[in-house]
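Here chain A shows up in two complexes: once beside chain B, once beside chain C.
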Partner chain A sequence: MQEAMISKAKQLLADGTVTRVIGWKKGEFAYDITPAIFESSEEIDRDFVYDDFTSTNVSKYLVKESKKEGKILAFLKPCDTYSLNQLTKEHRVDRDNIYVVGIPSDGKLDIEKIKAKGITGITGVERDGETLKISTVYGDETMSVADVMSNKCISCKSKKHVTYDELIGEDGEVITSDRFDMVEKLENMTSEERYNFWRGELSKCIRCNACRNVCPACTCENCVFNNPDSGVENKAAADSFEENMFHIIRAFHVAGRCTDCGECSRVCPQNIPLHLLNRKFIKDINSLYGEYQAGADTTTKAPLNDYTTEDCEASIVHERGVE
Partner chain B sequence: MQVNDNKEFQPLIVAFCCNWCSYAGADLSGTNRLNYPTNVKIIRVPCSCRVNPMFILRAFQRGADGVILCGCHPGDCHYTSGNYFTRRRMTLLFSMLDFLGIERDRTRVEWVSAAEGAKFAATMNEFTEAVKKLGPNRRLEDLRCRKQ
Partner chain C sequence: MLKISVEKIDELFKAIAEKQTLYIPTDREDGASEYKKYEDGMKLSGNLNTLRSAKDFFFPQTENLADFKMEGKKIEVIDIREEAEDFVVFGVRACDARSFTILDKVFLSDPVDSYYKNRRDHGTIVTMACTKPAETCFCQTFGIDPTEPEGDVACWSDGESIFFKANTEKGQAFVDSVSGLLEDGDTTKLDETKAKTKEIMGKLPLANLSTEAFGGDKLMEHFKSEKWAELSESCLGCGTCTFVCPTCQCYDIKDFNTGNGIKRFRCWDSCMYSDFTKMAHGNIRNSQLERFRQRFMHKLVYFPSNNNGEFGCVGCGRCMSKCPISMNIVKVMKALEVK
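And then the complex of A and B:
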């Protein structure tokens, strides 16, 4: 795949279709992959990678990049195309200034899960079907790919590209996953249990804001959490209220716009399951206002920008079963 | 809020009322000399949809034990559709609060028209009673804001 992408990028640069390419390059370690912009074939040959650790959704970078001079080539995985569509819908990117090459993804790996198995000194990995061969400075290891798959890929919602100018490989289908199972499990707990569960999770938050910074739905030029008058500007939460508030407001702001790309949970250094908050909103929206997948298209109205006169009353929340 | 003599718990209720219906309804209940608890503190807003989810959280932070949002009946909003947006927003917000384990009976939305002074008083009596049963808000409070 990497070869095909490199030659595609070089070709599009050479024929003048694009002037820049956004992709990924290796950092200090083999698994330490970061998004990068390439402007020449030489740079591409030297640094471009696409492998099991290129998880980063690059669509958010296009907010800024698409406004610059010259077209940019973006390689997008299926989930990333939903984010781009949502950004297009919200007029946050200039879609005409982006050339999208859709690339298939068979799931990315989570380096933390590999390290948690006590493996260090990793110099590279190789996937062979369901087994993963890991080379380290201390010798080789093997394990099952499924064991170290990143969480966002385990609950993948779609292998289909919803927007592209060109595809490398075959397009996939929208798939079903068990992504709402944990939300449901929490819903069936008592409110006391839920409260304790979330206290345990949210109190770990260090307010690094990574979840907001990475989120393709969080592109406000003036974020509430940067407002000096809010009292919560870029600082660690002082007590449980501030912890709750940050998470309620962040999740609420992306409700109906979050494509469930999974980036927020992936980047959280404290492993807080933020996706459960987002999915709670998605699940409620689906059940109360009709099935809706943010980013699936660029024309339909977002559920919170819309209403019907027959909508349920807020009391529906109070009528639910579990106390 | 504590009452001096018998120390019975008195909840603090914040009621956001839209200017065009519910605030007038509250006014009417006053002019009709209907009783509703003094625990209820009204905040007037131009329309129910002016209420940002942050307002609800802030009210709890500053010591409210229950928050109720009142607006015009669906279809009667002074700005035509504000309360329809409110309805979706608050449904989702309340559901999220419930999901985080914050007692769902501390929040409510009620539609009260300018002619419904009696409904306003009845709603406030009933809501105050319900919150009183739950006891003080402890799950979404800011300790620094707690009254000694």
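And then the complex of A and C:
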């Protein structure tokens, strides 16, 4: 796949279709891939990579990049195309200035899961079908690919590209996943159990803002939590209430717009399963307003932005009851 | 050398915890480890290092500095400082131990930061030599030997026993306080363990990373480098690198209105944040490029310039594992050292 992408990128640069390419750049090790912008064939030949660790969703970078002079080629995985569509719908990107080449993804790996098996001193990772061969300074290791698949790929919702100008390979289908299982488990807890679960998770937060900054739905130019004039700006949570509310408010803010790309949880240095807050909203929207997938297209109105007489009444909250 | 059998470590922890508060690195449910206050039954983590660094003990993420109460036009300033209690931090790695030397240069030089000093005076650092360094380790680049850690007391494990050596007066007092549990032991196996670790250090992918191209005298050539644009272009501007870093020491001081008074607090700041160094006249670093450059220039040029050549990084590798987009000081150093 990497070779096909490299030759496509070089061709589109050469024929003038695009002036830049956004993709991924090799790192120091086998897994530390950085999103990068390439402007020449030489740079692409030297650094371009697409492999098991290119999990970053590059869509959000297009907010800035699509406003620059010249068209940019973006290689997007199926999940990334939902983010781009949502950004297009919200007029955050200039879609006409982006040339999307859809690329398949058979799941990305999570280096943290590999390291959690006690593997360290990693000098190389090689995938052979469903087996992963890892070389380390302490000797070689093998493991099953499924064991170290990233969480966002385990609960993959779609192999289909919802926007593209060109595809490499065959397009896939929207798939059913078990992504709401954990949400259901949380719903079935008593309110005290659920409170303890979330306090346990959210108390780990160090307010690095990685979840917000990586989120393709968080594109405010000046976030309320950064703005000293807002009155709620804070670099550190004053108490547990603020610690909770930062994440809950953020989840409310992206409700109906979050495509469930999973980046928030992937980047969290404290491994907080933030995506579960968003999935709760997605699940509720599905059940209260009918099935809806943010980013599936660029035209339909989102349930929370659209009033219909069939909408559930506000009393639904009361009907659901509180313990 | 004085030692205790690995099986008796819980007894040692109990004995220490009876006298003062003890913190040890322990595993969380998600597999990451963090320092926690020791309680009976708590197990020492087998991980190489904690997710957050040990700087939190002396320079916490947030702390209250003073309270203000207003009655009419009268403002009462309440000094809330209290003498810290004595505590022991066990299992600090050589990289984090060195970070205290770096933080000391900032907080203990004139004017002395009394909040920091208070904790520093009451804390005893017990370090633990590394035996299984990771690919992200590059402490040796900064002259740190992970098999000979600093700290008030240095410890080594050969798999069977843990050996103790006091380096300071405070450390000697600590060793004396638990000497009933320690016995004299032979270090033959320990010497082999150390040699093996040193051999691994030489094989690590970053073993040859050099600081030669950096230092206080390399100011303008790096500041004006054209490479910052490319290096910083995918930076998300989050604070992960600065918050997991054992040496990042920038902070912000703010007043919090509690409704019936003011709490003046300080919290970690991050040069990656858009309002970093925002002042009354505006912001001197308006782009992510400038803020990103600040972080690495601080560690590789400004800090050594102000501190007799000492770099502001200890090579713990946390930023390498935690950056959401895998950009880090090693990539910056490798890019800048190429002319």
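As a convention for this text, the second predicted complex is superposed on the first by the 315 of 323 C-alpha atoms of A that agree within 3 Å, B and C clash if a C-alpha of one lies under 4 Å from a C-alpha of the other, contacts with A are read in each partner's own complex, and residues count from 1 in each chain.
Just so it is clear, a contact is a pair of C-beta atoms (placed from the backbone, for glycine too) under 8 Å apart; a residue touches a chain by one contact, two chains touch by 3 or more.
All values reported here derive from a predicted model rather than from experimental measurement.
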item: Chain C versus chain B on the shared chain A, clash or fit after superposition; value: fit
item: Partner chain(s) touched by A:Ala236 [first = chain B, second = chain C, both, neither]; value: second
item: First, second, both or neither for A:Pro303, with chain B first and chain C second; value: first
item: Chain B versus chain C as contact partner of A:Ile282, first or second or both or neither; value: neither
item: Following superposition on chain A: angle at chain A, chain B versus chain C, Cα, nearest 10°; value: 90
item: First, second, both or neither for A:Glu192, with chain B first and chain C second; value: first
item: Contacts of A:Val125 with chain B and chain C, given as first, second, both or neither; value: neither
item: Partner chain(s) touched by A:Ile6 [first = chain B, second = chain C, both, neither]; value: neither
item: Chain B versus chain C as contact partner of A:Ala251, first or second or both or neither; value: first
item: Touched partner set for A:Gly27, first chain B, second chain C, both or neither; value: second
item: Superposition-derived minimum Cα distance between chain C and chain B (Å); value: 5
item: On chain A, the residue positions that both chain B and chain C contact, one per complex; value: 238
item: Sites on chain A touched by chain B in the complex; value: 186-187, 191-198, 224, 238-239, 241-242, 244-245, 248-249, 251-252, 255, 277, 280-281, 284-285, 288-289, 303-304, 306-309, 311-318, 320
item: Complex interface listing, chain A residues touching chain C; value: 27-29, 31-37, 56, 61, 112, 115-116, 118, 120-123, 136-138, 206-210, 212-214, 222, 226, 228, 233, 235-238, 266-267, 269-271
item: Chain B residues within the chain A interface of the complex; value: 53-54, 57, 60-61, 74-75, 81, 84-85, 87-105, 107-109, 139-144
item: Residues of chain C defined as touching chain A within the complex; value: 30-32, 46, 48, 51-52, 61-62, 132-136, 200, 203-206, 230, 233-234, 236-240, 242-244, 252, 254, 256, 265, 267-270, 273-275, 278, 320-322, 324-328, 330-331, 334
